[in-house]
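Structure first, then comments.
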Amino acid sequence: MGELQLRDVRKNYGQMEVIKGVNLDVNHGEFIVFVGPSGCGKSTLLRMIAGLEEITGGDITIDSKVVNNLPPVKRGIAMVFQSYALYPHMTVYENIAFPLRVERLANDKVEEKVQAAAGILQLTDRLLHKPGELSGGQRQRVAIGRAIVRAPSVFLFDEPLSNLDAALRAEMRVELAKLHNTLDATMIYVTHDQVEAMTMADRIVVLDLGVISQVGTPLDLYHKPRNLFVAGFIGNPKMNFIEVTGKQATGDGVIVTLPSGQELTVKVSAHGAVAGKTLTLGIRPEDLTIERADASIEVVPNVVEHLGIHTVTYSAVEGAKSTFCSLLPGSAAARVGVPVAMGLNGTDCHLFDEAGIAFERQLSVEKLDPAAMLV
Amino acid sequence: EDKTIHMINCGDNTGAGIPIQDELIKGWEADNPGFKVEVEFVPWGQCQEKSTTLASAGNPPAVAYMGSRTLKQLAANDLIIPVDMTEEEKATYAAPILGTITANGKQWGLPRAFSTKALYWNKDLFKEAGLDPETPPKTWDEMYEAAKAIKDKTDSDGFGLAAASFDNTMHQFMNYVYTNGGAVINDEGEIVFNSPNNVEALAFYGKMAEVSQPGPVAYDRAKLRPLFSEGKIGMFISGPWERVRVKDVNWGVAPIPVGPSGGPGTLLITDSLAVFKGSGVEEQALSLAKLLTNPENQMAFEIAEGYTPLRDMPEVQDILKADPTWKAFLDAIPTGGPEPFVTDYVGLQDSINEAVQGVVLGEVEPDEAIEIAAEQLEEFK
Amino acid sequence: MAHTAKQKDYFPFLLLVPATLVMVAVVAYPLFETFRLSFTNTSMSPNFEYVGLENYEKIMSRRFPEVIARTFYWMGLSVGLKMLIGMLGAVLLNAMVPGRTLFRILVMPPWVIPIAIGVFIWGWMYNGQFGMISGVAQRIGILSGPFEFLAYKNSAFMSTIVTDVWIGVPMVTIYLLASMQSISRDLFEAAWVDGASRFYRFRRITLPLIVPSIATMALLSAIATFNSFDIIWILTEGGPRGATTTMIIDTYKTAISRFKYGEGAARTVMIVLFLGSFMLVYFMLLSRLARRSPNNAA
Amino acid sequence: MLHKYRWYEYVLIYSGLALFLTFVLAPFVEAFVVSLRPLSGLFSIPYRFITDEMSFDAYFTMWENVPLLWLYMFNSFFIATVVTVLGLICIIPAAYAFARFEFPARNTLLGLFIAVNMFSGAVLIIPLFKLMQQYGLLNTYFAMIAPGTAFVIPTGIWLLRSYLIRIPRELEEAAWVDGAGKLYTLWRVIIPVALPGIVVVTITAFITAYAQQFIFALTFNSVNELNPLPVGLFQFFGRQTVVWNELMAASLVGILPVLFVYVFLQRYIVAGLTAGAVKE
Amino acid sequence: MGELQLRDVRKNYGQMEVIKGVNLDVNHGEFIVFVGPSGCGKSTLLRMIAGLEEITGGDITIDSKVVNNLPPVKRGIAMVFQSYALYPHMTVYENIAFPLRVERLANDKVEEKVQAAAGILQLTDRLLHKPGELSGGQRQRVAIGRAIVRAPSVFLFDEPLSNLDAALRAEMRVELAKLHNTLDATMIYVTHDQVEAMTMADRIVVLDLGVISQVGTPLDLYHKPRNLFVAGFIGNPKMNFIEVTGKQATGDGVIVTLPSGQELTVKVSAHGAVAGKTLTLGIRPEDLTIERADASIEVVPNVVEHLGIHTVTYSAVEGAKSTFCSLLPGSAAARVGVPVAMGLNGTDCHLFDEAGIAFERQLSVEKLDPAAMLV
């Protein structure tokens, strides 16, 4: 129930290969999120699972059955579209009942199931409205309702929140997470918003140009991105990248020379020669500190944002690949044009080789599974 | 600046008579400096309506080619002027022809073209049906029997009957009216349509449908000819023009068979040049029209076009000698009756067509149809 | 709109000037003239008198009610068929099959051909002896002998309708096709995921969503059909025995063929009244329909 | 995938299409076949598609028989073009007014404009005739153009209005803020942006003007050189015998240009109608 | 130059009053942000300033000139629309040049000004493209370019970033801030995104149902919201509100009783009797801690979001007005269903009277102007 395997799945549109051999195993009850930049093939992959797009190569298996050639309805999936795809001429009730009507279920059964779904989604008092009379969040719930009544083993979502405003999006995120707990179904969820991915996923699949760049839990990806792409994609504000020169790999880590000439021991295990190589040092804005640290970078903020909850500065820094961002807790003392020394610690840093592949970080287990501490 | 004389001619400018007419016009222009004749050719379908519309909008053509049947209506509406024929001029026309242009004692147009009708028959089909191919029917009954024989014994139908909602249907029917001693309107202008003769005629018309091509209501004259040419009908009644158009068939032409209550007859139709009122050049228009239609010029025109000669002149014998098939048409002239002369010709035509169609379709009895039509005709006299 | 400056209020009217000028000159003024004429005995001659309501009385005493009934019957059938065939055509052309672009182009010729010419061709086709329809029907054994489509009341009535449908169908088809294509593909995919069959999708999604377009198109073609003149005139002149005489034909016959402009004008006024009330009723029904189902189609 | 058909569905669709297109195209096939036959072979009984002696002669002889055929075609094109241009001059501002401005009696006015669709030329022809005559416009191109224009305006307004409604209002507001006058905005902003919609209106207006110029030309014009195609073709009837084969040939040749126009622009029509279709 | 006054400005739509008397003074060079929930009248107010909506009552003064009846172009303002309102048929160059074309400026002058604007906005190599060929951010810059060339004294922005995705939005925010520094013009900016408001504004105007709820610097609003509405609106995640009972006002603060019975001294100055009154305690999610504190609330998270940068929990809590949210730094040890004690300190809390009006907080000056520390 609700298991899914992708085996070397491929998709061509004419000459263009948009999915280039994807392998993935999804367990029952998992919440899997596909993220990636626009055009990387997320929707295509999801639609292939749904049966809305033909598969050019490979196999898709749902609950141990190869479904490559089955129509969507026979795959045991349900899909929630980005646009919700509600039928504008039907009431909420009829929208939710639609899959049951297709099955020609008896009226009383329909009533029962629709009411149950509406109950879960708090739509009971909206059942007689048309979608046009609903708010964005309500529409979204109706779309989910339509998926729920079919009791599928796998739910597919294609950016279901992208049409909502920020506040509602946050709210719906929480509701979806709750729903996942309630329904005990496998969910596959596409988004290009990494916050959604981080907050909802059991495991995140990062797609880049039709291939899987990394699969892992949110904190896996946050703390141990496998390459520059994932490191840059996961986390907001983006990780800062600085060009450094490798000096020496020790048991303790890799010693690198910063553009300023300072040396820093990054707590990673090198997987090749580093001496003299141009490496990329990654440091997340939130890992920077104005307190004393292993090394420091002097920045002159050209923009400072006081958000109350934290203070964000943006600066131009030598060796940085783009604007250098720092995020300091609370109301930090930063002002445009006034230099600050930003401290960075070797344990917080990431290091990537010339091909952009990360050196393995040495991390405590709690970082990756904070809940483990509670056990 | 020359004054323009707007002349409307029906049809197109390809007829063989047109150059002759053009010559005459040129001559007339030479004689009448300061006037220029502009001839407009309008297709038959809209020709008369167009002239009338122009006139009723106050912008009449100077002279136009009109069916003579419309003259009374135009006159009643004060749109045309009488053509003031001298006794001498009148005498050149046969009486029935003169009748087609005379109303309230005046002549309203100068006859330009003219036709009588006769029966065409297909000799091969007659033979095939076991009839004598050289003996055309003389009476209605004979005609019916011949048609029936053809219908029964050959692949073809016996007769070509027209009953479409076009003017030709009434024309066809009038042939039967006139060969059965009937009339639509008498000399005093009273409607005399509701007569036993006419009922008989209409009943016979309906009866002919049994032995005619299927669906007569879809047919007018123009569609019958192809059928006759293809040997699909044994007989049909039409004018002299068919002589040169019917092809590939061994045909003959004879006077229209005679009905039980009447004698020889035919519908006699003329088209005339009418001179409109209010063009400002009425006088010149009249002079032009008279020039074109004087015996000599008219005859030349007719010979060129192959029209039936209006006047009995020496040339007629030559024509007859050259082509004996003219005989039936020319002989019929003295027996001819005019198109009913009324003030609402289209109304009349609609009423009679409707009666004919009703009987052909078997929807009404002939006497009833005649009675209804006669009642409606009261409005148009 | 909220353009503040008050002095610009005349602007929309300015925009309407060219269109209004043309409409007044070509439609409103003649229409007014028609109205005036309807109280006169204007005929061929330029002189006329006012005769009050005489023309209207004349209309009523004649077979006018029958003509009205026939007109609406003719119109209803024709519009119904146009919508039905147009809908079928749209559905077929909407199918994603190879060649659809070509097919979409092939529907159009009846629309672009001058109406009169199209009707001539149909007239030829309806001929029982050498026309295509009767000919082909005989060939394949539907008919045993030639059948004259224009010779009988019912068949002539239907034939004029078929020709009218032929002329009107391309527009309806293309319009409905366009309207179908504007329905978001998502809706169909969602229904498909739920297992709805093609027919079910059509019945439950396509059809209800194009109802407004159908209604609009039905109105437009009803008006066009009502005014359809050339077709009947060229094919049957309103016959046989008045079987195809619609209000327009009747009016034209009276006014143009028989030169009874006054009576014809009265008929025109009646037409305007009928069409006007027809449209009013239609719009009322439509707005009631719209109120019952606020349709916020994507 | 959504549009993957099974074999029987293909059969169904294609046979449906065949039936539908047969209905639509049969008259053209008939016209073509007739145009290929010699006049004497036209009335062949029983009916046959292919007859002996088929040839394209009619396509050559028709130019001799109706020597002005080229001119008629040109006139048709010319009249339709001018009607379209004049129509657009009226339609664009009016549609803009109805789409964008609130003013008293707006809906009534719009209704009135649409209602004009109801009055076919036939019912107005007499008073129109008198009017034309009064101003000496009979027998000019204008006499055919003016009524043609009037009858393309309502549909044009209706089509374009629904297109304009969808153009974001902010576009005009931005121009207004930048100091552009309303006419300037209409000319420089709205018209270019609405171009696809205008193309549709143009095509439909052109086709309408092309297809429906019979009755006006017939009544208001008596100068042969100014006649449009349908009236010109009527001359084939004026003869003693209807030259059916040439008539059909001329008809087919006559519609070719419009057909070409349509073929190249049809995707705009479909797209444009879509724009107008839904929101009505 | 660039001064703006609103005096009792009102707007009715028919019977409905949507702007109910707004007074505001804006100084030259200020960056003012209007925030508020949807439908509160932000756009209407901005459009009234622009001259796109008529004013029902009151006066709008720009640079000491009452502009109530002037058309937009005469007001010395420029506006950037939410949809950018670029002319799709014109090149970027012509779009930017549009206002100058309207003025019939000579071609060489136009060239000069457009090039200057394009230079500032880094659009020089895009000048010949059509808007359809640009990315969202570039389009936005073109829209600004069109505003810049007119050298207005006041720029008006109506949610210019709401069509962009999160990453681009963050980037453009920074660019707009820089632009403001460069141009030295007054800017009035409408958004419903409080993060934008916090990061960009010199002063924020919070609108609620057509009236100004509070005007102040971002940190003012963050730390000293005047009422419940502003407190709830500013800050993300939202401030948590808990019903408490007032016990006593002391010089040190106000002592309140939490639902759990614990007592807490909130560092505010009461402005009326508090004893026995039902008050609302406000505590921002980021001010909660798992360390020891003045009081604590026990929560059982039903959703936990590990974002790497911080951990967010959502729980149902007695007395809380909605879901109780906490935001803990880094990867905190929280798990769904496992109770945690959340600590709260009196100095961090907000307190509101029965009418929802805040008691004045006692705050250090650094909190409100962190940059002051640097001086």
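First chain written, first letter: the chains are A, B, C, D and E, and each begins at residue 1.
Keep in mind that, in the parts below, a contact is a pair of C-beta atoms (placed from the backbone, for glycine too) under 8 Å apart; a residue touches a chain by one contact, two chains touch by 3 or more.
Chain identities (UniProt): A, E = Multiple sugar transport system ATP-binding protein; C, D = Multiple sugar transport system permease protein.
Since the structure is predicted, the reported quantities are computational estimates derived from the model, not experimental observations.
Treat each pair of touching chains as one step and give the shortest count from subunit B to subunit C.
1
Enumerate, in label order, the chains that touch subunit C and subunit E alike.
Touches both subunit C and subunit E: A, D.
Write out the two chains that share the greatest number of C-beta pairs in contact.
C-D
At what distance in angstrom does the C-alpha mean of subunit C lie from that of subunit A?
57
Report, in whole Å, the distance between the mean C-alpha point of subunit A and the mean C-alpha point of subunit E.
27
Distance between subunit A and subunit B based on Cα centroids, please, to the nearest Å.
Distance between chain centres, rounded to whole Å: 93 Å.
Centroid of subunit C to centroid of subunit D, CA atoms only: how many Å?
Centre separation, subunit C to subunit D: 15 Å.
Specify, in ascending order, the residues of subunit A that touch 2 or more different other chains.
Within subunit A, the residues that touch at least two other chains are 51-52.
Residues of subunit D that contact two or more other chains, please.
2, 42-45, 126, 130, 176, 234
On subunit C, where are the residues touching two or more other chains?
3, 129-130, 189, 192, 256, 261, 297
Looking at the complex, which residues from subunit D come into contact with subunit E?
168, 170-171, 173-180, 184, 188-189, 192-193, 195
Of all residues in subunit B, which touch subunit D in the complex?
Residues 8, 10-12, 14, 40-46, 50, 53-54, 57-59, 222, 226-227, 229-230, 232, 241, 245, 247-248 of subunit B touch subunit D in their complex.
Looking at the complex, which residues from subunit E come into contact with subunit D?
For this pair, the touching residues of subunit E are 50-52, 71-73, 77-79, 81-83, 85, 87-90, 98-99, 101-103, 146, 150.
Which residues of subunit B touch subunit C in the complex?
49, 52-53, 55-58, 73-74, 77-79, 163-166, 213-219, 223, 226-227, 230, 232, 344, 346-347, 350, 353-354, 357-358, 361, 363
Taking the complex as given, what residues does subunit A use to touch subunit E?
Residues 165-166, 170, 173-174, 177-178, 181, 192-193, 195, 198-200, 218-219, 222-223, 234-238, 284, 286, 302-312, 314, 323, 327, 329, 331-336, 338, 366-368, 370-371, 373-374 of subunit A touch subunit E in their complex.
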